[in-house]
Amino acid sequence: MSGFLVRRLATILPTLLFVTILVFGLQQLLPGDPAVALSGEDRDPSVIAYLHQKMHLDDPLPVRYGYWLRDLAHGDFGESIRIQQPVLGLILEKLPVTAQLASMAILIAIVIGVSAGIVSAVKKDSIWDYGANLFALWGLSTPNFWLGIMLILLVAVKLGWLPASGYVSPAEDLRANLAAMIMPAFVLGNSYAAVLMRHTRSAMLQVLNADYVRTARAKGLDERVVVLRHALRNALIPVITLGALSFGELLGGTVLTESVFTIPGFGKLIVDAVFNRDYAVVQGVVLFTATAYIVLNLLADLGYFLVNPRMRG
Amino acid sequence: MSATADIASVPRERSPAQRALRRLLRRRGALIGLALIVFFLLLAVAAPYLAPDDPLKTNFLLVRKPPSGLHLFGTDEIGRDVLSRVIWGARATLLAGLVSVTIAIGLGVPLGLVAGYVGRWFDMLISRLSDAMLACPPLILAIALAYTLGPSLSSAMIAIGVTYTPIFVRLTRAQVLAVKVEDYIEAARAVGNSHLRIAVRHVLPNVIPPLLVQATVSIATAIIAEASLSFLGLGQQPPAPSWGSMLNVAKNYIDNAPWMAVWPGLSIFLVVMSFNLLGDGLRDALDPRHR
Amino acid sequence: MHLKSWVSRIGFALGVVVGLAASAHAQTLRIGLAEDPDVLDPTQARTFVGRIVFAAMCDKLVDIDENLKIVPQLATSWEWSADNKALTMKLRQGVTFQDGEPFNAEAVKFNIERHKTMQGSNRKAELALVTGVDVIDPSTVRLDLSAPFAPLLATLADRAGMMVSPKAAQAAGDKFGAQPVCSGPFKFAERVAQDRIVLEKYPGYWNKDAIHFDKVIYLPVVDNTVRLANLQSGQLDFIERLGTSDVQGVERDSRLKIAKIVGLGYQGIDFNVGKSDIAKTTVLRDPRVREAFSLSLDRDAIVQVAMDGQAVAGDQWVPPNSPFFAKNVPVPKRDVAKAKALLKEAGVTNPSFTLMTPTTNEAQKLGQVVQAMASEAGFNIKLQSTEFATSLNLADKGEFEAYILEWSGRADPDGNLYNFLACGAPINYTGYCQPEAEQLLKAQRTTLDAAERQQMFDKIAAREAADLPIVYLYNRYWLWAYNKKLTGVREVPDALLRVQGLKME
C-alpha cells in the first residue's frame, strides 16, 4: 500500500510536466495570432510587433516553453496580457470561488444522486424507481445554461427570492454569498446527480444479486443493514471514479454555468483566455486544475482499496 | 408461461446471446426505449418524406410565430418551420450522440481493459495519459481540432469522442481492478485459461454494466456538446439544424418564443430517456446472475 | 399544505436577505456591461466596453454632444492656426487629478507624448500626425501637426484625449492600468477580473455638482437574458446592449425605461477584393456579382428580422441620419430581377461563396437571413461560423471570400472609413486599393472645411458603391435599459454613458 502510494506520488510531477507540454503544444495548434487577437479593434501594427516581442512569439516553440518553465521555477506564472494582471494573483482570486461552487455542487450531486440511486435500485420497478429515473433523465437532458436561465427567470425575476446572478465573497457577507451560490450549485449538482444516480442504481443492482449479499440476507440481517453496509460498499467503485472525475471537472471550472450566473471562477477565466489567446493564463490555470485532477484520481484509486480491501493485492 | 410451451418453442440449448436477447425483449421499459429509438432513427432516415416543409425555407413575415395549423410547432427566429427542423435535426443529433460515444468506447474500453488487467508500467502510462487528457481544457482541444480537421459535423464527433475517451478508460480500469481479484477469475487462471480469454470471457462481462450506464449517459451530454461546438464553428454548420443548436438559439427567446425550445428540448429528453431505458434493459439482460 | 408553508418560509427568509442587500447600495449606481473590459489604461485600451468605464473615470480634452458637436471638457476653447497645422487649446483651470496632482499644460504634453511613445500604445496611429506639443503657459498648449488633420478634435474626444496623472503614470510604468489615476468624476477603487470594477466619487472633481452618486460599480454580465433579469430584479440600475428581442418586453415594463441611440458604427460584409490570391479566384472578384449580391438584399427586412427592427437600414459607413451621410448614394431598394440580370451579364447565374460568420447570436442570424435572401437571386452561400480569434487570423491573412464584420464606430467618419478602405491600412481586410478612392481618402483628412470635406465624402461614397469592397447593411441602435427612477441619461451617439447629471429620484 505504501509502496503504491510512493510510486503514485512519484508520477505526479512527470504527469504535470506532460500536461503542460500538451496544453502548450495544443495552444500553438490553435489558429490565430495572440498578438492580433489582443491588439483590439484598431490592430495597430506597432502594437502587434510589440506584443510579439513581449510574448516571445517569434521564438521556436521549445524555447518558449523553456521560458515559461524557467519563470515558473522562480514562482512566476506570467502575466495576463489582456488585463495585465499577474496570473498567480488571478488564480488565487478565482480558486476559492470555484472551490466553493464545486464543493457545493458535488455535495448536492452526491446527496441527491446516490440516495436516489439506492432507492431506485432497492425499490426496482416501483413508482419510486420510475420517479427517480425520470428525474435523472430530466437532469441529463436539460442543458445547464437552459436550466440556469429558467431558474433565474423564475426565482429571481418572477418570485424575487434570490439575486439573478453575481458573486459576493463569503468574507464580505456569508448570507449574500450563499444566496448567490445556491442556484448555480443546484444547476451544476443537478446534472451530476443524474449521472451519479444512474451509476449508483446500476452498481447497486449488480451487487444486490451478488452471492455475499444473498448470504447476508440469508443470515437474516435487517435489509437496511444489508443495503447500506454490504451492498453499497461494493457498489461504490464506479461512483467513486465518477465522483472524482466530476469533482475534477467542476474544479476545472464550469464555463456555461459560470457564464450564465456570472460567477467569476476558473471556467470564465480559462474560456476568455482561450478565446483571447491569453496563453499565460491558460497555462497557469491548467497547471492548477491538472494538479487537482491528478490528486483526485489518486484519491479515487485509494478509495477503491478502502471500499474493497481485497484489491490491495 | 408453461414449461411445455417453453420447451416447444426453444428446443435445445440456446447461446448466451440468444438468452440475453430474450431477456431483453421481456422487459417493457427496454421495449419502449427500443421503439422510441427506432422511431427517431426512422425520423432521421425518412426526414425528406416526413417533414411538412423545407427546414431551411425562411419566411420573414412569419418570424417567431406560435404553433398554429400552418406550423404545428411554430416558427423560429427567421421564420422557419420548427417541426421540419426537429425532424431533420434528428439526423445530426443522433449521429453526434452515437458516433462520438462509439469512438470513445472503441478507444477507451480496450485501453482500460488492458491497463487494469496487465497493470504495472502499462497501467501507469495509460492512467497518467488519461489524467493528462482530462486535465486539458476540452475547449482548446475542440478549437485545435476544428482548425486542423476543418469545420464539420464529423470533426465535432471526433472531438467529443476523444474528450470522452479517458472517462471510459478510467471506468473500465476501475471495474477491472475490482473484478480481477474475484475468486472465479483466480479459478479461471488456475485452470490454465489464457489471459486474452480471461479478459474477454470473464472480466469484460463484469465491466459492462457501468459502461452501459456511462454510454447512455454520455449520449445525452454528447448531444448537448455538439450544440456548443457548432457554435464555435465545429459542429453542424448553420442553417442546417440539430436539436442542440436549435436549443442554443432558443435560449435567447425564452421569454417571447418558448416553443422554439420546447420541441427540440423534448426530443432530446425522449432520445436520452430511450437510450437509458434500453441501457437498463441490456444491463439486466447481460447480467448473468440476474434472471 | 406542509410543503407550501415551507416554500413560503424559505422564500421569506431569502427575501429578507435580498432586501437587506438592496438597501445598502442606495447611493451606488450599478451598471451591467455586456463584456469584461480590457486593461484600464487609456493609452493601451482597445475595446468598446472599456470606453464605457473610462467615461466615468477619465475626462478628455473635449467631448462630443448628442449632435456630434465637439464641446469643451478639460479644454475650454481651441483654435486652429491659419495653415491648419497647429491647434492651440485653452485649458480649464483648477482641475486636479484624482491623486491631487494639478492638471495643466505640462500634463497635456506628458499625456500626448505618452500616447505617442509608450510601448504597446494603441493611440499611436490616431496621433501619428501630431509632431510635438508646446507648453505656451500653464493653461495653454499647442499641438503641432505635420499636416492638417480633420479628425483630430474627434480623436481628442476619445481615449487619445484622456488625461492621466503624470506622477502616477510615471510611478506605475506599464502597470498603470491596474491602478489608473485620471481627472474624471469617479476614481478607480477596485477591480475583480470578470466580476466587477468599482469606482468611487472623487471629491475634488471640478464639476462635482453634477455628480449624484457615491459609487459606480460596473458588472460584466455576458448573457443578454441574465443581464436583463438582473435589471428586472433590481440588482442593476442600468444595462447596456439590451437584446433586440427583449425590447418589446422592456417597453411593456412600467418600472423600466429604454434608450435607443443610433450608433456611430455599421454592420457590413467585407469582400476579399485584393487581400490575397483568393481575391483572384473567388466568384466575387467581379464587381457585378458584388452589386448583384447587394441588390438581392432587402435591407429593411434584414433590420426587421435580424435586428427585430432595432437598427436603421444603411449603405454607408455612417447612418442615414448622420450629417456626414452622402445623399447622392441613397440606400438601394431590393431588386432581384436586376440582380439576376447582373449575374447573367457576368456569366455566373449561380455563384457560390463562403461567408465567414462570427459566433454571436446576432451575426449567425444575420448570416442565415442574408443567405436566404441572396439565394432568391441565385446565390449559393455557405456559412462558416468562426470563433473570434480564428476569424481575425483568417481575415488578416486574407483566407476568406466574404466576412461579416461589425464596427463600433467613431465620432469622426474618418474613423469608420480610412482604416478600412485605404491601401494597406491595418484593418483593411478587403485589400481594397483604388487610386481615386485613395486620393480622396487622404484629402478628406487634411480638409477642415466641412462643406468641402462633405463633397469628398460624397465622391468616396459613389466610388465605394461602384466598387463595393464592403456591402453596408445597417447601423444598429445601441439599446440601453434602465430603472425609470434614473434621470439625466444623455443619449450621446458614441453610446458611452455620461455619469454627469445622472440622478436616482
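So that you can tell them apart, the chains are marked A, B and C in the order they are listed, and the count of residues begins at 1 in each.
To be clear about the criterion, a contact is a pair of C-beta atoms (placed from the backbone, for glycine too) under 8 Å apart; a residue touches a chain by one contact, two chains touch by 3 or more.
All values reported here derive from a predicted model rather than from experimental measurement.
Between the chain pairs A-C and B-C, more C-beta pairs are in contact across A-C.
Taking the mean of each chain's C-alpha atoms as its centre, the chain lying closest to the overall protein C-alpha centroid is A. Mean C-alpha positions place chain A and chain B at a centre distance of 22 Å.
Our note on geometry: chain A versus chain C, Cα centroid distance of 37 Å, whole angstroms.
Taking the mean of the C-alpha atoms as each chain's centre, chain B and chain C sit 45 Å apart.
Counting partner chains per residue, chain A shows two or more touched chains at residues 30-31, 145, 149, 153.
Taken residue by residue, chain C touches two or more other chains at 225, 387, 390, whereas all remaining positions touch fewer. Residues of chain B found to touch two or more other chains are 143, 147, 251, 254-255.
Contacts from chain A toward chain B in the complex involve residues 7, 11, 14-15, 18-19, 22-23, 26-27, 29-31, 133, 136-138, 140-143, 145-146, 149-150, 153, 194-195, 198-199, 201-203, 205-206, 209-210, 234, 237-238, 240-242, 245, 248-249, 252, 255-256, 270-271, 274, 282, 285-286, 289-290, 293-294, 297, 300, 304, 308, 310-311, 313. Of all the residues in chain B, the ones that touch chain C in their complex are 56-58, 60, 63-64, 77-79, 143, 146-147, 151, 230-233, 237-239, 249, 251-256. Contact residues on chain C toward chain B in their complex (touch as defined above): 224-225, 243, 245-246, 248-249, 301, 304-306, 357, 359, 361, 364-365, 367-369, 371-372, 382-387, 390. Against chain A, the residues of chain B that register as touching in their complex are 124, 127-129, 131-137, 139-141, 143-144, 147-148, 167, 170-171, 174-175, 177-178, 180-181, 209-210, 212-214, 216-217, 220-221, 223-224, 227-228, 244, 247, 251, 254-255, 261, 265, 268-269, 271-273, 276, 280, 283-284, 287, 289-290.
If you check the complex, the residues on chain C that touch chain A are 10-11, 14-15, 17-18, 21, 36, 38-39, 41, 44-48, 119-122, 124-126, 174-175, 177-178, 192-195, 219-223, 225-226, 229-230, 232-235, 387-390, 392-394, 396, 407-408, 419, 426-427.
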